Structure formats: structure tokens, C-alpha cells
Amino acid sequence: MSAALPRRALAEFLGTLLLVTVVVGSGIMAQELSPNDVGLQLLENSTATVFGLGVLIVMLGPISGAHFNPVVTLADWFLHRKLTGSDVGIYLVSQIAGAIAGAILANAMFDKPAVGWSTHDRSAGHLLLGEVVATAGLALVIFLLTRAGNARVAPVAVASYIGAAYWFTSSTSFANPAVTIGRAFSDTFAGIAPSSVPGFVVAQLVGGAIGLALVAGLYGGPLRHEAA
Amino acid sequence: MSAALPRRALAEFLGTLLLVTVVVGSGIMAQELSPNDVGLQLLENSTATVFGLGVLIVMLGPISGAHFNPVVTLADWFLHRKLTGSDVGIYLVSQIAGAIAGAILANAMFDKPAVGWSTHDRSAGHLLLGEVVATAGLALVIFLLTRAGNARVAPVAVASYIGAAYWFTSSTSFANPAVTIGRAFSDTFAGIAPSSVPGFVVAQLVGGAIGLALVAGLYGGPLRHEAA
Amino acid sequence: MSAALPRRALAEFLGTLLLVTVVVGSGIMAQELSPNDVGLQLLENSTATVFGLGVLIVMLGPISGAHFNPVVTLADWFLHRKLTGSDVGIYLVSQIAGAIAGAILANAMFDKPAVGWSTHDRSAGHLLLGEVVATAGLALVIFLLTRAGNARVAPVAVASYIGAAYWFTSSTSFANPAVTIGRAFSDTFAGIAPSSVPGFVVAQLVGGAIGLALVAGLYGGPLRHEAA
Amino acid sequence: MSAALPRRALAEFLGTLLLVTVVVGSGIMAQELSPNDVGLQLLENSTATVFGLGVLIVMLGPISGAHFNPVVTLADWFLHRKLTGSDVGIYLVSQIAGAIAGAILANAMFDKPAVGWSTHDRSAGHLLLGEVVATAGLALVIFLLTRAGNARVAPVAVASYIGAAYWFTSSTSFANPAVTIGRAFSDTFAGIAPSSVPGFVVAQLVGGAIGLALVAGLYGGPLRHEAA
């Protein structure tokens, strides 16, 4: 993470863009090719996401840290204080802009309108609980690995975690405010109605905070520390 | 495993909780989304479990050893004598409590009653043979890797083993008394009727003992030894 | 890559041959065994390709660099100037000959005519956009890993990328001019009509160039450099 | 591989036993749970085999080399001359006995007759070509990795290769005379009629020889050498 800020911003933009392209694009492909079984669609969608997310982290991690997720950026800032406040702002803007661009690119590749607002309501309470659990788990994975000096396995571990969380959380684990915003821009399998976005984002922030509290409980000592 | 006992107990509790949440939650999702093919449900369930279990071991291993399983804790105590008797007791209580909490969390995320006793009878003799084989194999994997100094690959190896054992054993490989108890608390895909639990637990203990005997036969020398 | 040129040419021939055999052969198997769900066919096809491609790279990489792809060979030549012009020519001929032989071998194994021109039209504009994205992403993966000194993870990363790109691009990600030519020789699941080949190849070359430009933008400094 | 011969024989027996249990057992489970799509059955069967085979190699490799396959033992003897002739004989007997025991164990776990001769004819010429290709590829993977000093990735590479070969060869890639014999003992998904066994074994031996010839062509120099 010694790259200059503009290159790190480009990495966060491009990584989040491609992540949303993977999620939305594979969702469209699955929906079109396996129309009779929603579970099979989700299996296709989650398998593609595992592969894509792991690669994005390993290839962009050396440049920006491969956050692609405002919860991760905020938690990293809170714990390690390596990012400055303006770094954080630029990361968040890059992630959100990338997520929106990624949905538009997926729409274009599959011959859909560039922007189609999703009509998929995801506002039920148990789905919000799902997002809390999903994001708490994600924070646990990332920051327990960092604390133990095992960050090198993060590409496989984070991708695997998301591959499980697609299935074990009721919300299919968005776990990422930027990606949630991006997925509102495609009225396809992976979409979320704009009206459901705020609830998801709040649940994700709550989950992230719970995750950090669990990390502190598991390791003891000060929550804020310098990573290895 | 130099963490203080309360933090190791928290790790065992949380790890077993999340393991059961993964197993039960992904089972519910699979059952709801792929209602017409039980094999596809099991493929979705087993794939999610492979990903989730591997991550849990890699992230909590440095704290507690990532047993999440009374058979593993008992075998580790028998072989290595690093855990004291009271450590063992606390590990087992943490695992069982975590497993029950994990089933309840999965039920809640999917909008089911917090506790629903499973009605899935699993008492046939060939299923018990399946549990013996499943648990013997699990003990083989863990303790052969330890003996060869390859414990660092355990997260991937143990998760892969379970991914295979879901399919090659007739019982779908519970192979874990704590998880078996937890799975009695959800009347869904991954559930087990309370009346079938004792048989499974006995079969798992028998399987664990057979696994240790095979390790001794394969390596010769004293069965009890100090791990590297 | 210190092997003599004839052995490197044999490695490129054999690797591209087996890659096309994997893609075309598993496509035929999927089509015959899962006739009722095209998505399931693609999942079977993409899973087999992930496994096969990763193995081919790890086993032939030490001999030839395991390009199996004219875009990779041309980009490697452009960036690193380790290959001479005649090396490049021999690599490209070996790759294309291997790809054609691979399709013929797959046809023979599945009791099809040795050569059957594909009738699968793939000329729609959004599919060409898919190929641009697919190949840009492939170039990003390979050359970002090289720049960061992480080439040792390329077998897993490249295979995973293709596993995702099968699903998130509308074209199912051929991303390889030699493989595209080979796939024209089999009128089965993975085929492409000869008339659609030139469009795909042009899109792949454009995508490769975009990928290299993004690598330059992400790392700054001169685009051409010596790899570690 | 410094273990005493009886322990190495036990490892070969147990490893081949469990390999056949994985292949046959997961085949039965797949057939029973996904009765309407043979491709889905094969996907379940091949996924379980990938996971199981990789674990068996990593856990038993330090004891016996984890051959589990007469073609591998014979090729290893031919290339490296580390095994004596009587070692080879004991390896082959252990593998074949293990394979038969594995089929019987799978039958028993799934409540089938202990021995049921398969009625699945697999004698067509294009299937034999499939076995030649499958076994040549397996020999390539194993001995190219050995030559390049990359044997540590063999558990993942060999398992991945088989995961691909299930799909890209018309024969679903038995690629192993001992396993072929074992699979004749179960009249289920993975079975092979006894009358088809000799043809498969001959094809596998031919494939193994072709694989070694390709290794020699790719590396040059003497075919027989001391492995690193």
C-alpha cells in the first residue's frame, strides 16, 4: 500500500467496478440460463463471485489494500489509523462510483438498459438480521487474519467467506454498502430496490461494529493497534 | 494457542456457533430455493459448508486450535496432554452451547421459530456406520497432518474432507457431537430428531477411536506423543 | 523458461491442445448429460475448465511460461522483450495448431466427426463487448500479478478468473484467439461459427490492449519493464 | 517415504480403499438424490472426488507417496528406481485389495449387498480412447511436477486434474487399474461391468506410457532420472 493516492483510488474504483460486474453479470447469466431453479441460479452466481472476488483481492491488494467496501475502509481507519480522513473519503467515493459503473457495465454486456432501477424489495426484518450477521462475519474474517499475521490468506479466506454467506444468511450477504448501492442500478437477479438500500446499509454498519467488538473480545488488549 | 482460557472458550463458542449457522442456514436456503432436487440441495449445502468451515478454522485456529468438535478436543487431549481436564470441560461446554445458539441464529435469520425440534429420523443402522466412517476419517485427516508437521494445511484439508464426506457417507457426515446436538434444534433440511442424537454421538466416538488407532498403525511408535 | 525453443513450442502446443480438449470435451459431456438446463451445462463446463486450466499452467509454466494464448504472448513480448520475434511466431503457430488438434481430439473421444464446423453464431455487439471485458480482465490479472512479484499464484488466479468470466461476461469469455479458432472446429456446446471468429479475435486484441493500459495506470512508470 | 514397508502398504491399502469409497459412495448418493439429471449426478460425484482425493494425497503422501494407482507405482519404479521389485508387488496388491474393500464399504454404508457386480458396460472404442487420454494426462501432471520440483502442489493439482478429466474425457476418467477393478464390485452409478475391466486396464497402461514419453519430450535428457 505504498502506491500514490490516485493509483490507490483507481484500484478501489476498478476493483469495486469489477466486483459488481461479477455479481450482477453472473446473476443475469444464471437467471437467463437456469430459469427453473432459483437455487441453481444462486449457486451459479455465488460460485462466480467466489472466483472473481478472490482474484480481485490478490491482484489489487498490493496497490490499495483491496477494500472495495466502505465498511472495511472505515474499520481499517478506526483500527489502524494508517489512512487519513481524506484518504477515507476518496476510498469511499471511488468504491461507490465503481459500484455504479460496474452495474452499468454488466447491464451493457447483457444488452439491458444501461440503468434499470431494481424492483426487488429486500426490506423484511429477518433479511436485515442477515446483513448484520453477514457483515459482522466479514469483519471478523478480515481483522482476525490481520491480527494473527495471516493477511496473505485473505484473498482465499474472504472469497470463501462470501461463498458461504451467500447461502447461510437470509439476505444472500451483500455485506458492503457500495456494492448495495451499485446493485440498485440493475433490475435483474442481484438487484435491490432503492428503497431497501438504506436499511441494508445501516444493518451493515451495525454488523461491522459487532464484528470489531468480537475481534476485541477474542484478542483482548486495545482494539486499536498497529497491524503487522 | 497461547490465548487465555476465556478467549479460547469464546473462540470455540463462536466458531461452533457459526459452523452450525452455516450448516443449518445454508440447508434452509437450499431447501427453499431448490425444492425439486434433494441432491442439488445437498450440493448447495455442502459447498457452503466447505467454504465456511475452512474460513472458521483459519481465523480461529490461532486462538483456540479451532476444534469446534468434542471428538477433536478429546482426541487432542488423549494424544497430546496439552489441554488440562478443566480445559477439556470448558471446550466441550462452549462447543455445545455454541452449536445450539448457532441453530437458533439460523432459525431467526430465516424467519423460523427460534427453536423447532427436528422430526428427521436418522436411526437406521447403515447411517450409524456412515457416522463411524465419517468420524474415523476426520480423525485420520487431523492427526495425520499433525504427525507429519502439516497442520498449516488443515483449514483446507478438513474443509475438503467434510465436503467429500457429505457425499460419500450415507449419513452426510455430521462427525461432530456438538454439531449433532445443535442440529436437533431446527426442523429443517439439516436437522436430526432428538431421538436419533444419542446413536449418532456413540457412532462418532467409536469412529474417533478407530481413527486414532489407524493413525497409530500408520506411524507406529507410541500413540501419545508431543505434537510438533 | 530456460528450456530450448522446440521444447517450449511443444509445451505451448500440448497445453493449448489440452485446454481446448477440456473446454470442448466437458461441453459435450455437459450437453449430453444435462439436456434440460443450459445453465447447469455451463456450470459443469466452467467447473471443469477451472480445474483443467489451473493444472495446465502449473505443470507447463516452468517450461514455456504457459501462455496458451496469443494475446498473452503478444503482451508478454510487448512488455518484457524476453521473447524474440521468431519466438513469438513459433508460440502463436504452436498455440493455434494445438487448439485445432484439441478440438479434433475432443470430437474423437466423444464419437463425433473429427471436424464439425460449429454453427453457433456469436456475432451480436454485446457479445463482442463481453470479449473486450473478458480479455482486458485476463491481461489485468496476469500482468498485475507479474508486476507485484506474485506470479507464483497465477495458476490459481488465472483459472479462477476464467471461472468467474464464464459467467459475468455475456460471451462466456473465450478471451483467447487460438482457443477461439479451435472452438470453430466442433459443432457442440462450446463451438463458435467460423464467421464469428474474426469479430471475437479483434475484440480480444482490443481488450488485451485496454488491460495493459490499465496496468500502466495502476502502477505508473514505464509500461515496458523487466519482470522480476 | 522413509516409513517401513508394512506401514507404507497400509497407507496404500487405506488410501485406495477410501478413494474408492469416495467415488462409489458419492455416486450412490448422487444417483439416489438427483434422479432426474445424470449430469448433476456426475457433478456431485466429481466434486466429492476432487475434495476426497486431494485430502487423501496430502495426508498419506508423507508415508507411502500416496500412489493409490498401479500406473503411478509402475511409472515411479520405471523412472526413479527407488522402489524395489518387491515393493512394487506389495504396493499393487495393497492397492487392488484396498479398492475392492472400498467398494464393499460403500455398498455397506448405503445398505446395498456387500458385493454387486456392475452391469454397466463400458467397452466402446471411444471410451477406451478416453482412458488413454485420461491416464496420459495424469502421468503428465504427476511427473512434470516431480521434474520441476513442484511435488508439494501435487495434492491440489492431481485432484483438480481428476475433477476436469471426469468431464473432458468420454470415459469419465477412471485412469487407475486398481480403482477400475474395485468399481466392478458395485452395481451403482460408478460401476463398470467386469467384462469391460480388461480393456480399461490396457488403455490405462498405454496412456501411462504415452504420458511418460511426453514428459521425456518436454524435458529432454534421459527419461530415467533421480527425482529431486
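The chains carry the letters A, B, C and D, assigned in the order they are written, with residues numbered from 1 in each.
We take it that a contact is a pair of C-beta atoms (placed from the backbone, for glycine too) under 8 Å apart; a residue touches a chain by one contact, two chains touch by 3 or more.
Note that the structure is a prediction, hence the values are computed from the model and not measured.
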### Query
What's the chain with its C-alpha centre farthest out from chain D?
A
## Note on the structure
Matching the CA atoms of chain C with those of chain D requires turning by an angle in degrees, to the nearest 5, of 90
### Query
Can you give the whole-Å distance between the Cα centres of chain A and chain B?
28
### Task
Would you kindly tell me how far, in whole Å, the mean C-alpha position of chain C lies from that of chain B?
40
### Query
Which residue numbers or ranges of chain B touch two or more of the other chains?
37, 40, 43, 47
### Topology of the chain contact graph, where touching chains are joined (line, ring, star, complete, other)
ring
### Message
If we use the touch criterion from the header, which chain pairs count as touching?
### Response
A-B, A-C, B-D, C-D
#### Entry: chain B-facing residues of chain A, complex
37-40, 42-43, 47, 50, 124, 126, 129-130, 133, 137, 140-141, 144-145, 148, 150, 153, 157, 160-161, 163-170, 214, 217-220
### Query
Within the complex, which stretch of chain B touches chain A?
3-4, 7, 10-11, 14, 18, 21-26, 29-30, 32-34, 36-37, 40-41, 43-45, 47-49, 51-52, 54-55, 58-60, 62-63, 105-106, 108-111
